[in-house]
Amino acid sequence: MKYYTSINDIDNIKTWIEEAKALKENPLNYSELGKDKTIGLLFFNSSLRTRLSTQKAALNLGMNPIVMNVSGDAWGLEFEDGTVMNGNTAEHIKEAAAVVSQYCDVIAVRAFPTLTDKAKDESEQVMKAFMEHASVPIVNMESATGHPLQGLTDALTISEHAKKTKPKVVLSWAPHIKALPHAVANSFTQAMQKMDVEFVIANPEGYNLSPEITGDTPIYHNQEEAFKDADFVYTKNWSSYEDYGKVVNTDPNWMITKDKIGDAKFMHCLPVRRNVVVEDAVLDSDSSIVIEQANNRTYAAQLVLKKILESK
Amino acid sequence: MKYYTSINDIDNIKTWIEEAKALKENPLNYSELGKDKTIGLLFFNSSLRTRLSTQKAALNLGMNPIVMNVSGDAWGLEFEDGTVMNGNTAEHIKEAAAVVSQYCDVIAVRAFPTLTDKAKDESEQVMKAFMEHASVPIVNMESATGHPLQGLTDALTISEHAKKTKPKVVLSWAPHIKALPHAVANSFTQAMQKMDVEFVIANPEGYNLSPEITGDTPIYHNQEEAFKDADFVYTKNWSSYEDYGKVVNTDPNWMITKDKIGDAKFMHCLPVRRNVVVEDAVLDSDSSIVIEQANNRTYAAQLVLKKILESK
Amino acid sequence: MKYYTSINDIDNIKTWIEEAKALKENPLNYSELGKDKTIGLLFFNSSLRTRLSTQKAALNLGMNPIVMNVSGDAWGLEFEDGTVMNGNTAEHIKEAAAVVSQYCDVIAVRAFPTLTDKAKDESEQVMKAFMEHASVPIVNMESATGHPLQGLTDALTISEHAKKTKPKVVLSWAPHIKALPHAVANSFTQAMQKMDVEFVIANPEGYNLSPEITGDTPIYHNQEEAFKDADFVYTKNWSSYEDYGKVVNTDPNWMITKDKIGDAKFMHCLPVRRNVVVEDAVLDSDSSIVIEQANNRTYAAQLVLKKILESK
């Protein structure tokens, strides 16, 4: 495997989940695999879980992680072809990606969307540029439209906590004060579509995700209806896709409460704003599996790195 | 040992100092103890010595350090319970601490006081929150009211340089242009109270430290009197405790000079402003042991980490 | 070798190049040499290649790199002697350098010039201060007037790509919108003067480098004339040395084009502004060896660290 930039790069989610579970049981079983290999973690945006769990995953495999906050530690990169670079960008991705490839055996990149230019965001300019100009494997640590390490984590977590063969999983939008990306919701949707689950999405009108992502997945504008008999309620805010990047609804009635979810397990990728997205009573109860979910980030990343190292 | 957040966590300062000296003699004697263990160093504030010496200590024990500037690398954390998080904080410490616990075997935290809200600072909100919500050992890399790695370092340094059985140690306030925390002065006071030394404090009126810290320790408002027959002069500025966090005195007569200290050894935790806190003639003379003192930061941190690793 | 702060520290460039080539062939041949040794990389300025390649070089030798952005992670350092430090600097280099020496076996420093105070820049205040006050070897990761890791890299790269015994190498100024340092041009000039090449410099009037650096090297103000029969065209912008730190010319006719360089190999230290310094057609052609040149940064750094480790 050379690239892990989308849930589509998972050839068989069932076997991947089994392999991730095996790594979780024995995280140091492949601690020689990455010996003398370096992974460069390039952050164009903030990160806590991804930053730490990907380093931990690399260390478990014996790799040396090198972390860099691109804008703070270096300078602005240019992604457009043919520009006269007399503005704010000091280096073109063509050089940067090729150069970093020579110091790192794997490059992992986090680059959020603009949320103002839909076409640009959907072109996945940054991730694509790294794939095109780097000579080493690329891992997506959350890009404009996807967060596949999170999606794989979520599939693993649901598999661990499922109590019946075809559990009902609901992805529910929840309110937030800021305009947030669609990446987590997109990758979760794509992961669930590959799983043997009953998957539905609940969001207010005007908040449907890209139809290219949702496909045949049922979308409810009535949260209560969607939550009926749910086994897992996966919550996430995202900004409008139709009125791109806008916050057109902050209705607190969409906040997740203990009453609403009943016996369902509560999931969220974190960070989560308490009493805005979800009430304390949910997060502080046994219904919440967000901490275990975050723990699985390590094993999702470790599985991806293991597959990359093994195919080199 | 699960927590090292205060000088009170030292059960026997005499044996700790002996153990630290042994580590200093053979820093790599336990280089397998931390194998495959990760320490997360979380900085809410700037750091030079603590940042480097704690990494060095961890490396000496074979641990993998992961360093993170919390606000720059991630985002604002919320510490209040029950808040509606629609402001500047994006993640609650409840989640953050629990999550980081899963990627790190030990968490070390630096978080300075507000110096505006005495009650909040004295509640040690950040350190306590990590202790409550993290599932792994916590090390204090300087909190609102204490800097116990520094205090342990200072005790070790005094023990190394003492030329008689019960040396006289003076903690002297000195002027500074900024409002500084009480943490170093507090932990030094607590450490000296545990040592077999004659310990007194010298500070201007209005600058007494918290009486809960100073206890029975004599406080002089006359520096000259306090310095009489001193073997060690430990200097540090702090802002007023009574008029909390205010700079009510910048009297240059309190600056430490060669004349004042005579044959006493000069100590300071660093960074130190030359010719404001202490004159060049002191720092550049043999009286100063500040560099050796900084060196001991490594062995204090290493001893703490060793004790934590051994009790897991 | 205790210091690598200038091209003058290279005793024999021919043997150094051979040793660097050998390291490039077998980068892990000395992976035990730096075991349990720490290198502190201190950045006063941004860095991408230097940051990553020096870490990679250290890892190849088995060293532990500790990276620090001095101003962001810690605070302003004072370099003047005898100052009353009641301004923006919180720690004097005397303490900082001595202290860091105790946590690191080697210290590498990046500190750019002011470009406003020629005398101060030429005094190499920061690098000199580290050399004076640190007790461990110092490596220059680009200082006010030199970038000797880059110069060594460039010599290696030219040696690898030379097709005749005494190739013609041109250092050509090119336009840029910002005032840039002279460090790279200086070190390249010094490196070429040690090599068995025909070396000339091309720059507009008013852009001659320091005569102490250029010495007997021919300087052309006519780019076309200088480029005649060139085998290598090394391009770099620098601000005026005479009218110190000023941008007195941005003539686009000095931009490097495919037409101009013909069959010559194109080199640049990167980052490079496309279509300002050099047109796309050059960088995207086989004439450009900038990526391979950047790759050699690792082996130049590794050779320097190896020599330092071996002489301790």
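All chains are identified by letter, namely A, B and C, in their written order; residue positions are counted from 1 within each chain.
We take it that contacts are C-beta pairs under 8 Å (C-beta built on N, C-alpha and C of every residue); 3 or more make two chains touch, one makes a residue touch a chain.
Molecules present, by chain and UniProt name: A, B, C = N-succinylornithine carbamoyltransferase.
Nothing here was measured: the structure is a model prediction, and the numbers come from that model.
Superposition on CA atoms relates chain A and chain C by a rotation of 120 degrees, given as a multiple of 5. At the interface between chain A and chain B, under half of the residue numbers appear on both sides, which makes the contact a different-residue one. Note: centroid distance chain A to chain B, computed from Cα atoms, is 39 Å.
Residues of chain A in contact with at least two other chains: 72.
The touching residues of chain B, when paired with chain C in their complex, are 28, 31, 43, 46-49, 51-53, 55-56, 59-60, 69, 72, 177, 270-276, 280, 283-284, 290-291, 294-295, 298.
Those residues of chain B that touch chain A in the complex are listed here as 36, 38, 40, 64, 66, 68, 72-75, 78, 81-86, 90-92, 94-96, 98-100, 102-104.
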